[in-house]
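In what comes next, chain A is part of two complexes: it sits with chain B in the first one and with chain C in the second one.
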Partner chain A sequence: MLLTAVTVLFFLLDVLLGSVSVPVSEALRIILQPGSATGSEDEAWRTILLLFRLPRAMTALAAGIGLSMGGLFMQTLFRNPLAGPSVLGITAGANLGVAVVVLIIGMSGAGQYVHGFSAGMKSYMVFAAVAGASGVLLLILLISRFTGSVTVLLLFGLMCGYLANSLVTLLIHFAAAGQIQSYIQWTFGSFGSTTWQDIRVFLPAVAALVIVSAFFFKPLNALLLGEEYARSMGVHVRRMRIALITATSVLAGMVTAYCGPVTFLGVAVPHIARGVMRTSDHQKVLPATMLIGGAAALCADLISHMPGQPGILPLNAVTALLGVPVVIWVLARRKQRAGLV
Partner chain B sequence: MRRCFITGICIAVLLITAAAAEAVPADIKYAEGFSIDRYDGYSLVSVSYSRDDRQSITIEYILIDTRGLNQMQRRQIRDRAGEGHPRIPSNRFIEVPVDRCITLSTTFIPPFSFFDTLDRIVGVDYIGNIYDSGIRRQLIGNGVAEVGNGPNLDLELTIDSMPQMVMVNLIEGEWNTVPKLEKAGVPVVVNGDYLETSPLGRAEWVKFIALFLGKEKEAAAWFSGIERRYLELASAVAAETVQLPSVVLNMPAAGRWVVPGGEGYFARFLADARADYLWRNTAGSRSLVLDVETVFSRALTADVWLHQYGVDGIDAIIRADSRLRSMKAVRTGRVANNDARTNPAGSNDFYESGPYRPDIILADLVTILHPGMAEELLPEHRLYYYRYLE
Partner chain C sequence: MNGSGMNGAGVDSAHLNGAILTAQKLTTGYRHGRQRSRTVSRDLDLVLRGGGVTALIGPNGCGKSTLLRTIAGLQPPLGGMLLLDGLSIGAYTTRERARQIAVVLTGRSMPGHLTAGKLVQLGRYPHTNLFDRLTDKDRRAVEWAIDASGAGEFRDRPVDELSDGELQKVMIARALAQEPRIILLDEPTAFLDVTRKLELMQLLSRIGKEHGTAVLVSSHDLELTLQVAESVWLLNEQGDVRSGGAGDEVFLADIKRTFRIPDSYRIHNGMSF
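Right, the complex of A and B next:
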């Protein structure tokens, strides 16, 4: 399908283009025959391509797929076009976890003039982000036992998000200047800080959820038409709710852990997918969401690492700048059909 | 009668010529951030900072030397200075030497210790930030107040300590406490030492602080010792160096690798130590935020790697990012960090006494960069601020 081709193209471009220019023929040779390097310049290119570009492209792909999928789940579950993985405060919880690590624990061993994180902190950060996301998730699940209303859940999630963000603000207030700078750099988002060990965990997790989501086509379609209708079709609504929220939390938590907070994709990509596929049928929209999400993330990554400039642009700025025109175009193209979801 | 009249005119002429006397600028050789103009009975101290992309800031202070003067004489000098420099507001007139100071940066404290005037500090920002345990103990013993800094500054405690001077960093934004302090009527002096880009220039700020303590002569003597040692070492190294080892700095984080600009403070150290800092040809002193792969492609073949943050050893570095393992400097063990003198609270002496000892920092760098030459030029020197990472 065309979408698959586009995604693959962006993947290749992201690997081949970047701040350091590597001749395309050399790059292809290195990727296809990793063992054939000779000479020190080759070694530098080999390291860049295999240890930096390839992981970054794969991370972007996985993160794009994961966030967009999470966004679609939330938009369907809440029947709300503004929903995204952050709507339940899950990404705010992950942010809080990271803020605690960077701003509190990071205060020891870092002077006023430090740029960047204390190196030993990366594993704590990943753990903290997943812990923060899971913490909020568990709270939400707990609440969902006591209430049947999806709106209450949404509101509760929103409140959790506000609480987490205000705690982060407090932490920033008490932190030293160096830590604040590190934290702010982290909030720009980046696909480039994962190594192959991280990818070995991240990619299979996303792949597993992708496969599992194939079983969700029918229940998701049913949920779209209302919970009562879904129940009448035999969908176990409570279980679906738990499954969708859990899946989104794991995805959002992991992406935040490895890439920092990546905004916009979760909310925007499902709309683009629905526009492109001209349907709300999840059997078409879910795969489209994943592919478009992957392509969008790769495209944003490509632009933020544009060759010819040695610095990199903040990822979150690029995703929105890129995505907003696209969403507007898709929405404008729609004939005046009923509803956005 | 006529004799009185003539004497009177002579005295008047003398006074007028004295008042109109040219200012004598003090000899500041390297520091660009401050200048001292000596007038009769007072000094005009100018703190300034300009960067090509931003406006320049200049703040002027009048320091009135009150040693051996009575109330009336002080007032006369103050009035005279006020007339001579009408644009300087009266809250920037400071009578020196001061007895009660508050320092809002640990970098300002060592000169107090050098000239044995630690008892004149009545307040600091955070006692825990001070590296030197001797200084810390003495300050705690003297009962100094802990007033915080920036947005967390405790104004009430500051006022209550009745300081004759509060010394703060020249900084903008939320951490700039000058407006708050001036509004509260507290005399505040701005110190721009950390903005200085030359190693000797930064050390020369000891003269700035000494002015307020009335220790100008001691500071001048102290500084010439440092200057001599630094310049002797630098020229000896320059004479003997044949090949320059390449150096890469700092660690990557979040897909970025931040490196100092080619005209910055540390880049100048590396130039004086005769190293090939890989980004020495970049203009400006600001740090460069670069893509990891841009830096890594050059770091791969760098001879020496300096300044890794928050790691105990090479294992910790590799655990954080295993790609760094293939750097030449890591494989040959030429990895060093400037955290040999840090305490468990995280204070690093490199930023406390380091700015005043560029001679020691240079010696450390020469030892790391040119081990063979170091045995000859610095046989007794042991690494002080730096340590090798194992």
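Right, the complex of A and C next:
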């Protein structure tokens, strides 16, 4: 309950606070009754709230939930506290897709990312990111048919990541300075570049996976004991593995497509959730992970465009600056022998 | 290569009374890819009965774990048949099989940050619905399992703070909570001191006798297992198996030969006193 309240609070703050201050009562009226605009100031507020802040807060919420959920799935599946949504090379695949679009196709006149690439360019980028992520996912699913070992899969994912990153480096090496600038800007991550059109795809997708994940917590708990025990208790381990990997890939791929490579939250939030709930029981940790993930992303977004500072801070810098001390604090409080997953 | 033991535990219909699981010409081993495979034991004929401990003994590397894992369904047999209640084990779904067979694997597993009670509750997995809702029957089974295995005093402690012996009891309670008819334990005494070893084996024997469960235990502790086992499966380095009773002098001679124990040494099997 408390976690839900915190998440709602951060959502409201994220919508209400920004470089232009809008009175709370006015803001609520504009959001709840979008048709009631009167003066010109009202019109400006309307634009700010409905076209910028609301979509960005919704994007942050969905991205935070999605990444954290994916991170928890991977940490439990691989029984590895270092795992995250990017561990299988999915994010790297999406990066490669975007790099191809920005660095090669975007030779002519790509603008600054924060204020939006041209609409056509952006839809290419989303498509390329999804294609890159799916490419890596297909490779991993293919490999999973030939290996029984989840560690081999993990290593394979890692190798995919290195491969994709090296291709990106090559692309950067041969690209023009302007394109490199745009690409680097994209890698900073941002929740502020989605339109309502994007949100109509992104939000239902994350929501659907949140609903599906209700069927996951029971097998996830069994997987805490390792795949062999899980199998002996009646879990279809192979099916579960594919389901978890696919869900995580879809989440990580979509978030990367719409927000850039925002990866830190996915590794950090499950640890915070386990620390807060004082258990690894997924019935408690899974909802807590989603709520904390949403709240953390909103909080990071809020700080990245705090009122009283010029421009917007890079999101990836903010998440880590904010999150690392929290994770260290959570881990330091734990007993020495305690299992981390 | 004749698996049916010299003491009449082989597979003929007269001896199937009380049998829960039978192996017929079972070949265990590892498959590498489509063509290649490595056979560990060949043509095993075995009968597992309820109501007590069956000890699986043999020298290191003779295939005890492989046999246990094959029976548990953790690896496929390379040949032959495994029958559970007369029906091929492959005909059961994973969930149905999990209601019949539970395992306690060797080594210390790291099950994250759960209380002992919660971990035991995971044993209800094959009985609960999609959302793991516990019925009264599930709760009773968990209570019984915790009680029977003596894990009650640390049920509220996180498992990552338990000693090896305590964790072993919790893992056994988890297997019991599954309410299986067969429990397979791979080297359950490996990390325990002498007192705990005996205590554990007596616990397993009691569970078998009181609930008609078939308890199959692999162990290095020859004398300890012989003291509590109702029957013994002896695997040798050639991958053959003989089965017999722990009190049988002829079978004891077999055991001595397999372990290369001098004839003059007297094995304490609990029967000689």
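Rule of thumb we're sticking to: the second predicted complex is superposed on the first by the 325 of 341 C-alpha atoms of A that agree within 3 Å, B and C clash if a C-alpha of one lies under 4 Å from a C-alpha of the other, contacts with A are read in each partner's own complex, and residues count from 1 in each chain.
Here, a residue touches a chain if its C-beta (ideal position, glycine included) is under 8 Å from a C-beta of that chain, and two chains touch if they have at least 3 such contacts.
The model shown is predicted, which means the values in this text are computed figures rather than measured ones.
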Partner chain in contact with A:R200 - chain B first, chain C second, else both or neither: neither
Partner chain(s) touched by A:F174 [first = chain B, second = chain C, both, neither]: first
First (chain B), second (chain C), both or neither touched by A:R333: neither
When both partners are placed on the shared chain, which of chain B and chain C touches more of chain A: B
Which superposed partner A:V235 touches (first chain B, second chain C, both, neither): second
Which of chain B and chain C A:F215 touches, first, second, both or neither: second
Of chain A, residues touching chain B in the complex: 18-20, 40, 43-45, 47-48, 51-53, 56, 106-123, 173-174, 177, 182, 185-186, 188, 190-193, 195-197, 260, 305, 310-312
In the complex with chain A, residue positions of chain B that touch it: 150-152, 175, 194, 250-256, 258, 287-294, 296-297, 300-301, 308-312, 316-317, 319-323, 326, 342, 344-348, 350-351
Of chain A, residues touching chain C in the complex: 79, 214-215, 217-218, 221-222, 224-226, 228-229, 231-236, 274, 278-281, 283, 335, 337-341
Interfacial residue positions of chain C with respect to chain A in the complex: 72-74, 93-95, 97-99, 101-103, 105, 109-115, 118-119, 122-123, 125-126, 128, 130-132, 158-161, 178
